[in-house]
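Take a look at the structures below.
First chain A sits with chain B, and in the next complex the same chain sits with chain C.
And now, the complex of A and B:
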């Protein structure tokens, strides 16, 4: 079983937020959508939650009771304690009694929030608040879990912990749809959809996306064509559409290289000057 | 420094609400203090009843202006006209005694002007001040203050409560949870309704205990008026929150409701002393009608039939404003989902071709 979008186009007036986008979220795995600001990630997730009606195309999603969502702002009530946040969401999903107690204890232990139960959500650190938001989203064992940039602004340790929780949710049987700006995170997902200004640049497994690279990536201290190069550490990575490396060191491209190269290619095709 | 000044102007130019305040506030204050800030009532509608009604009416001078002249009318007719707020003064003529002027003490400034004018006549007219014999300001202000406090809670606090959900991103979260939009809206508004109702009872009871303000009329009429007024205010709060992205914007817009309510509702400056160029603002404000009901019930024991117009206006306001607010909030909570569509176990949403 899977959920997702098929051939979805979303227009806001004259702006095309999504252009014929297909995104599949199979049960039991994490499907990531990546892209820069304004790429259409949140619009895509909005279609999945039902908050945005596509102009055309089809959306497959479960009933609201089987859907869990976490917005980029964590979706926690800042003036409620951790326990009160959990109680409120649990009641909304009709959970109570022993079932709720068991689930609450289990998730608080998993997220490391046991000792913060009586703290206000607004007084938690960014990472803890994101974990609480995640806990609220999975409290009712959703079939489709939608996460909008769950690790943005979170410290590296909390990022690792959140990613572990996300993987566990998928392993437990949820279809996880996750938007992220971190390409190293996206590489861990089973499938990746790369968006740029509402258009699909690449999609498939990480390997498939890596193989879709048009040309090659070279690494050098000085780039041949600065318009097709970007700095990573001390060196420049450069997209070579013709696949030639001219005797320079050719590095095995990662997802970040491929996404940047795909974006450069699209902008060149549209007649824009490469960055 | 010039860079800072330039940046500030650029930001101000784009902050339309602050710009509106910068322009509207001086204009509002100018209009208020130029036209509305007048305690002297120069024209008082007056009924004259009794056998010599016509002769007395013919001799009436400013500020009294005859409305009804009825030689067959009685003191009972005069009392009814004053109680029902048809006139501020009703004169009853008697065959062998000086005429008696019944003055509505709940219209404080009109009553003060009337008493002062009658006193100048040197005892030719016997003055009988009804409903507020000592012309105490607190008796008139307490019912009005109850309305103002409700306006404060209803508009500012409600709009802030709803905007907080938007600001923290939890409105979006509520929208994807298995709540019906009507549940969310009712659940959000009910606590403010209860708080406002509690505050109103508190203010009214304290007004009675501390200032000796009478409560002469029927509690149910007062309660019905308060409920309608509250619905209008909660609706206004909802509408303000639906067009505000943060607390600052909500407070700015709430001030646009609060300031005219204080100035033009008749709470401080009498409406009858204002020229029509600004008086109409008072008749657009819901607080004006609530004050009419509150003072009518508490001081004059006015029956429902005497207050029906204020009830009708508040009811129409309540329906229009509250429905508008619910529709706007529903848009936030279920922008594309039909309100009454039953939940399905799994849905396939296909857009129209």
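And now, the complex of A and C:
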């Protein structure tokens, strides 16, 4: 079983926020959508939650009671305590009694928030607040879990803990859709959709995205064409649409390289000079 | 010998009974990019504020360009805070004029095309990527010897991020020292050297390769990763998902195999080098474990 978007276009006035985008989220795995500020990630997730009606195309999602969503702002109430946040969301889903109490204890233990139960959400650290947001999103065991940049601004230690929680939710059978700006994170997901200004740059498993780039990525101390090159540490990585000559170093290309190259390619095709 | 642009020597900072930074020694030299990595609350920002002269140290010595931080040292410093330090209700031109005025210099004559096209617009009305680019231009508009960047690329798309890093590398190539904080390991890889802070102390320092050292993780490949993940998780192992593989850092392979055997799972188990992320977790646990 899977959820997702098929050929979805979303227009806001004259702005095309999503242009014929397809995104599949099968149950039991994490599906990632990647892009920068304004790429269309939040619009895509908004279609999945039902907050945004597409101009055209099809959206498959479960009944709203089986949906769990965490916005990029964490979706917690800052002037309520951790326990009060849980009570509030539990009430909205009609959870109570022994079922709620078991679920509460289990999730507080998993997220490491047991000792923060009576603290105001607004006084938690960024990482703890994101974990509370995650807890609220999965409280009612949703079939489709939608996470908007759950790890942005979160420190490395909390990020690994969040990834563990996200993996557990998928392992327990939820379809997980998550947005991120970071490609090393997207590489951990089962499939990746890369958006650039509402347009699909690439999609598939990491390996499929890596193979989708025309030409090759070369690695050298000096680039052939600086407009198609970028720094990775002390070396330059460069997109070579026509491939590389023999003897040139071409290894070490990762998802980050391929996405940068595909963004350059799209700008060249649109007639803009490479930035 | 290369001049030390910024130096902390046995620096401690206490707030009441809380020690935010404890006996930290580190330095940044001309032409190098030093990454400052650590969890929130590990003391990174407190250390930066002491290095910049915004906060006095409780103990130890801080030097900027070989002297105590002052208004004079500030002139040679480019600083991009996380909040960017721009005025949202001024235009791009007005922001650059204001900042140049504060430094007693002229605003930059040439702007990158993307910024030049929108120079008359309010900063609050341009995208986050352009705002970050502008903050860089502003920080570099005066003669800079040391660039301090606090999470410079948060929220920016991969191409814009790579262009900001190109600028950082160009500055370092020209002899500027760079101190940068980031939460992202791909960015940590862009640095020449890292300083890892855990609970106010330097837990490790060196190149990425030196910091990872001989640390390993166990990678488990199987058709039924959910079951493997759940079995290892129930055994209290620090398991994480990576694509359709399951990784367990900092744990011997035979212990992992034993759990998987008991769960009657057919898997392929290999020992692989740790990632920097996984190494950070190990360092964090070592520092906070009861001794």
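To be clear about the criterion, the second predicted complex is superposed on the first by the 271 of 275 C-alpha atoms of A that agree within 3 Å, B and C clash if a C-alpha of one lies under 4 Å from a C-alpha of the other, contacts with A are read in each partner's own complex, and residues count from 1 in each chain.
In this text, a contact is a pair of C-beta atoms (placed from the backbone, for glycine too) under 8 Å apart; a residue touches a chain by one contact, two chains touch by 3 or more.
What you see is a predicted model, and the numbers here were worked out from it, not measured in a lab.
Contacts of A:69 after superposition on the shared chain: chain B is touched, whereas chain C is not.
Residue contacts after overlaying the shared chain place A:93 against chain B, while chain C stays out of touching range.
Annotation for chain A, partner touching more residues between chain B and chain C: C. Using the contact criterion defined above for the overlaid structures, shared-chain residue A:77 touches chain B, although it does not reach chain C.
When the two structures are aligned on the shared chain, A:59 is found in touch with chain B, with no touch to chain C.
Of the two partner chains placed by the overlay, only chain B lies in contact with A:49; chain C stays clear of it. In the complex of the two chains, the chain A residues touching chain C come out as 28-30, 34-39, 125-127, 152-160, 163-164, 166-168, 170-173, 181-184, 187-190, 196, 205-206, 230-234, 256, 259-260, 263-264, 275. In the complex of the two chains, the chain B residues touching chain A come out as 168-170, 172-173, 175-179, 335-337, 343-353. In the complex of the two chains, the chain A residues touching chain B come out as 8, 49-67, 69, 71-78, 89, 92-93, 136, 146. Within the complex formed with chain A, the residues of chain C that make contact are 37-42, 113-114, 127-129, 151, 154-163, 165-166, 169, 183-186, 189-192, 225-226, 229-230, 233, 238-244, 277-278, 280-281, 284.
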